[in-house]
Amino acid sequence: MKKSYSAVIGLASGTVLLIWSIMSSGDIMSFVHLPSMATTLGGSFAALVISFPMKDLMKVPKILKMLVNTPEQDRVRLITMFSELARKARRDGLLALEDDLNNMEDEFLVSGLQMVVDGIEPDIIREILTLKMETTERRHRMGQSIFTKWAELAPAFGMLGTLVGLVVMLADLQDASSIGSGMAVALITTFYGSLLANLIFIPIASNLSVQTNEEMVSKEMAIEGVIEIQAGTNPRILEEKLMTYLSPEELKMLKEERTTSTEALSYE
Amino acid sequence: MKKSYSAVIGLASGTVLLIWSIMSSGDIMSFVHLPSMATTLGGSFAALVISFPMKDLMKVPKILKMLVNTPEQDRVRLITMFSELARKARRDGLLALEDDLNNMEDEFLVSGLQMVVDGIEPDIIREILTLKMETTERRHRMGQSIFTKWAELAPAFGMLGTLVGLVVMLADLQDASSIGSGMAVALITTFYGSLLANLIFIPIASNLSVQTNEEMVSKEMAIEGVIEIQAGTNPRILEEKLMTYLSPEELKMLKEERTTSTEALSYE
Amino acid sequence: MKKSYSAVIGLASGTVLLIWSIMSSGDIMSFVHLPSMATTLGGSFAALVISFPMKDLMKVPKILKMLVNTPEQDRVRLITMFSELARKARRDGLLALEDDLNNMEDEFLVSGLQMVVDGIEPDIIREILTLKMETTERRHRMGQSIFTKWAELAPAFGMLGTLVGLVVMLADLQDASSIGSGMAVALITTFYGSLLANLIFIPIASNLSVQTNEEMVSKEMAIEGVIEIQAGTNPRILEEKLMTYLSPEELKMLKEERTTSTEALSYE
Amino acid sequence: MKKSYSAVIGLASGTVLLIWSIMSSGDIMSFVHLPSMATTLGGSFAALVISFPMKDLMKVPKILKMLVNTPEQDRVRLITMFSELARKARRDGLLALEDDLNNMEDEFLVSGLQMVVDGIEPDIIREILTLKMETTERRHRMGQSIFTKWAELAPAFGMLGTLVGLVVMLADLQDASSIGSGMAVALITTFYGSLLANLIFIPIASNLSVQTNEEMVSKEMAIEGVIEIQAGTNPRILEEKLMTYLSPEELKMLKEERTTSTEALSYE
Amino acid sequence: MKKSYSAVIGLASGTVLLIWSIMSSGDIMSFVHLPSMATTLGGSFAALVISFPMKDLMKVPKILKMLVNTPEQDRVRLITMFSELARKARRDGLLALEDDLNNMEDEFLVSGLQMVVDGIEPDIIREILTLKMETTERRHRMGQSIFTKWAELAPAFGMLGTLVGLVVMLADLQDASSIGSGMAVALITTFYGSLLANLIFIPIASNLSVQTNEEMVSKEMAIEGVIEIQAGTNPRILEEKLMTYLSPEELKMLKEERTTSTEALSYE
């Protein structure tokens, strides 16, 4: 787990920017209208309650925490670890890996290596780990789809609120001087809907999606590593294979780490 | 079958919210306009009658019932059941499973296990069950596509109604005082169209889609279980495999159930 | 071939509804404007002539007939037929099927069974039938894409017509009293474009797409049946397999038919 | 190569229709505004220059020629030819095909048959021809994507031009009488953008896409034919297979040709 | 690396065109409004900070450099090189290729040929190179998705700015003479948002996407070449295979090169 404050910073700076933009030209109080917020946010949430099972919607607060507590995908460390495990397995046998399992945090990796220690067949290990990965991805995509749907519904309910305002205003045009303020109030729900969608829901869905993509790559890497360890692959080839998942930046980090480390990489 | 009232609650609260929003600023009667509702709902339904076969459209009331009577996907129970069946099959042979079939409700599962008992080959069982699953999914997606299409057509007919209103109003502008109320009436069809789409049709399509996704996962799990039982797989490996379909919450439930149960899970 | 009038009924009722909606508030004659119709329908058709080869566009009248003369997909009858053919083939040999071919109407099925009688290899039969199915689907999807494209172009040309009307009106604003009627005329092309798309082209494309989906399922079923007959599969397993393509309603029909029929289904 | 004038006819008739539509209600000169055309067409082309490599953009004139000189996909002739080649190959051996290669125009077919004559293995022939087909498709899709992108950018730059016009007009409202003509000029870029997209770029992209689809089907057919000739397949089965790519119209043409031809089709 | 200035030229000419278009009708200063630019660009960037990890956003300047320094995909040279390597490998053995590796720049190619020299199995080489290619593509698509997302967010924040301007203006309509300039200012954020999206972000995303597509084709070609060299394929067949990736223009270049070169291509 790594704390990432960029989502908070983005949200805060976007909000400050809009407030500054409003205050530089008009009165901020024209934009604070609780009934309009209730219509836009409440209405779109009501539609969301129809769209998704309650048990998924109740995970929203937990999902939001993921914006700050992003699971770290440290692939450089993963390679170093797999490299050591592969050497150990070749030297002392697969059973020797059992001791290392207690110190690992990643449940996915532990379950995979445990199956290796238990002597389960490679095909079954790959199948089980792949299914696990897919189940995790499906669950994550579900969380994202809540925000994607919300991002569609919020502007729609904003527009509904504006239509309500317009019809009310147009149905009673006696006082011409009130047309402007009526229009202003009517437009605020569209403003809220668009703001919720573009500053909050769409970016959150995108953030979660990128996180999931990253996690899936790490998981693919882990499956590859587990299978190769079981097959007793040469640690250097294992590394070569896993290094294909690294970006140039990560490759550079790995090489720097290697240089400073006294334990040289060699064909054992 | 499980009663789920969240769809009803969402629809009710969304409606209440909109009514409150209207009444707090204007007269609710400006929004009750039967001819406009007839144009929007009737017109979009007429287009729907062209789009889909009658026999599919007539399933709409039955589909709507699924919003409340959601088929329960109790995967924890499914695992427990498969685990017991696997033990029984190993102990007493595959034919011993026939007794259990009478107590099962899930037609899909029964048909799969019946084929196991009948000694049909694994490849054919998997093929038949997969075809069945695909047929079910196709049928469900068809139902969803009706609501997805309706969600597109309703706002379109709302806009058509508004265009009718605008043209009628503009063609006869003598009485300037009637412009406002003319515009108001014209906008109501757009309001209806957007309301139908965003509070009703889009959420229903989404609800049905999530239900189908969940059902397909359970069916995949069931196919896996049936095939493994036939293969005489070790019950613990079977469980390990099926547990890959569970979410962390379901896994926790399964573990709690296990702890309270006296029957320990062991390598038999 | 089965006559299906739901497309005609949908179109007629939608038109009546809109006419009623117009007449209840204004003058129907404001909506009859031949030059506007020429711009919208003619312009979008001109763009269609650029988009598709002439030989495909000339099939449009033939495609439209399919809305009424829908090819019937009677899967229950298909199963009964395959079941009988399978029994006959097991009893009297594959060559005995030749007599039945003359009574069949479905060209696809005949060509498949003819290849069985001719003793062509199963792999080649499956390949040829699959290719045939794909060619048919490609051709059908082509027909649908004409209407899908038209449904995009018609509102675009409607908007072009409105822009023409607006520019003409705005360029010459001397007579303020003519603004309203100018605007009204300008909006009519948008009305026509949206009407053509949403009441006619989109529903037709959807109707054709559903028909094609249904036809493809029947064809898949037929391929499965032909291959299994050639393989000499047990008629009961053949039925079990083909029944996976049926919806619950069709299954019920099949069972009812079976009960009334004296010829019981048994393991031969 | 076949001359196809339908694209030219469509473009001409669409233009005439719009000009007539304009002239019947106003002055055609209000729609001729070179600076607006420069903004819309030039601006969108500038964005296109950023989007695509120069070497691809320079192919646009060549691509446009394809709208008139459409490569003919004469599949009936292709079948007749393959049928004759298959007979010849069975009679005189594969090397005898070399003479026919000089008379063929289709480079794709020649390269495939040349490999057959050279005795290259079937797997490699299929792989090379498939790669060639994919390279051709990729190149064609690239050309289409230029027009698809242009069809997105043209209306966007049209709207930008309208925004420029509106801001200029609104910033200086002293002379109320000029509002109308200001608006009219502002709207013309939107008109141009929409016209370019819907009468020119979208239809051209669609036309090219249909051509490519057709060409790919013919190429798939050619690959199938080349492979079967090498395998020494029975000419009748080869024909049966290739006939699956034909539409009912083409099948009818093939049968008519056969009937008039004295050379009957028989099992050799 | 090749310098490509078309992106710069496109951007410059588009900007000049728009400035000319503005100046020919109004005052350029009406379009310079820093607070509006801050709202549109800053707001959409704030949303981008929520959407993507900081480490990816910080690559944006480096990505922008790719618009000018486009990696050259010289497939003609690649074929010539592979052809020579294949001859050398057949003559002197695979180990002889090691000398050539030092002169090569392309890291991807070097790593592939190094594995060939090291005697690693073909399947593993193909797997590792394919994984490397996919990792590169994923990374490139990530960079593109930043601009694609920005192209969605910029117009959205432009519209938010316009809504702010409208609400402020409508809330205070006392001074009727300021309505025009208020509207003008309000519309400028929409102008900025649309301009950023259509002249900058969308074209950049498209440019990067085309570059990646081209690079992936070259990489696929390189994988094919490496594998064939290891397999000791006849250089002429290797060339035939790799030439399938060339466009007609590149094929012509290759043939011209061949003609001028004294080293003829022959079956060795």
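Per-chain numbering from 1; labels A, B, C, D and E assigned in written order.
Rule of thumb we're sticking to: a contact is a pair of C-beta atoms (placed from the backbone, for glycine too) under 8 Å apart; a residue touches a chain by one contact, two chains touch by 3 or more.
Keep in mind that this is a model prediction, so the values were computed, not measured.
J.: Touching both chain C and chain E: give me those chains, sorted by label.
T.: D
J.: Return the distance between the CA-based centres of chain A and chain C, expressed in whole Å.
T.: The computed centroid separation for chain A versus chain C comes out at 41 Å.
J.: On a C-alpha centroid basis, what's the spacing between chain C and chain D, in Å?
T.: Comparing mean C-alpha positions, chain D is 26 Å from chain C.
J.: Could you say which residues in chain D touch two or more other chains, in rising order?
T.: Residue numbers touching two or more other chains: none in chain D.
J.: What graph shape do the protein chains here make by touch: line, ring, star, complete or other?
T.: If you draw each chain as a dot and join those that touch, you get a single closed ring.
J.: Would you mind writing out the residues of chain B in touch with chain C in their complex?
T.: Residue positions touching the partner: 35, 38-39, 42-43, 46-56, 115, 120, 124, 127-128, 131-132, 135, 138-139, 142, 149, 152-153, 156-157, 159-161, 163-168, 170-173, 185.
J.: Name, in rising order, each residue of chain A that touches chain E in their complex.
T.: Per the stated touch rule, the residues are 4, 6-7, 9-11, 13-14, 17-18, 20-22, 24-27, 30-31, 67, 70, 177, 179-181, 183-184, 187-188, 190-191, 194-195, 197-200, 202-204, 206-207, 210, 213, 217, 237, 240-241, 244-247, 249.
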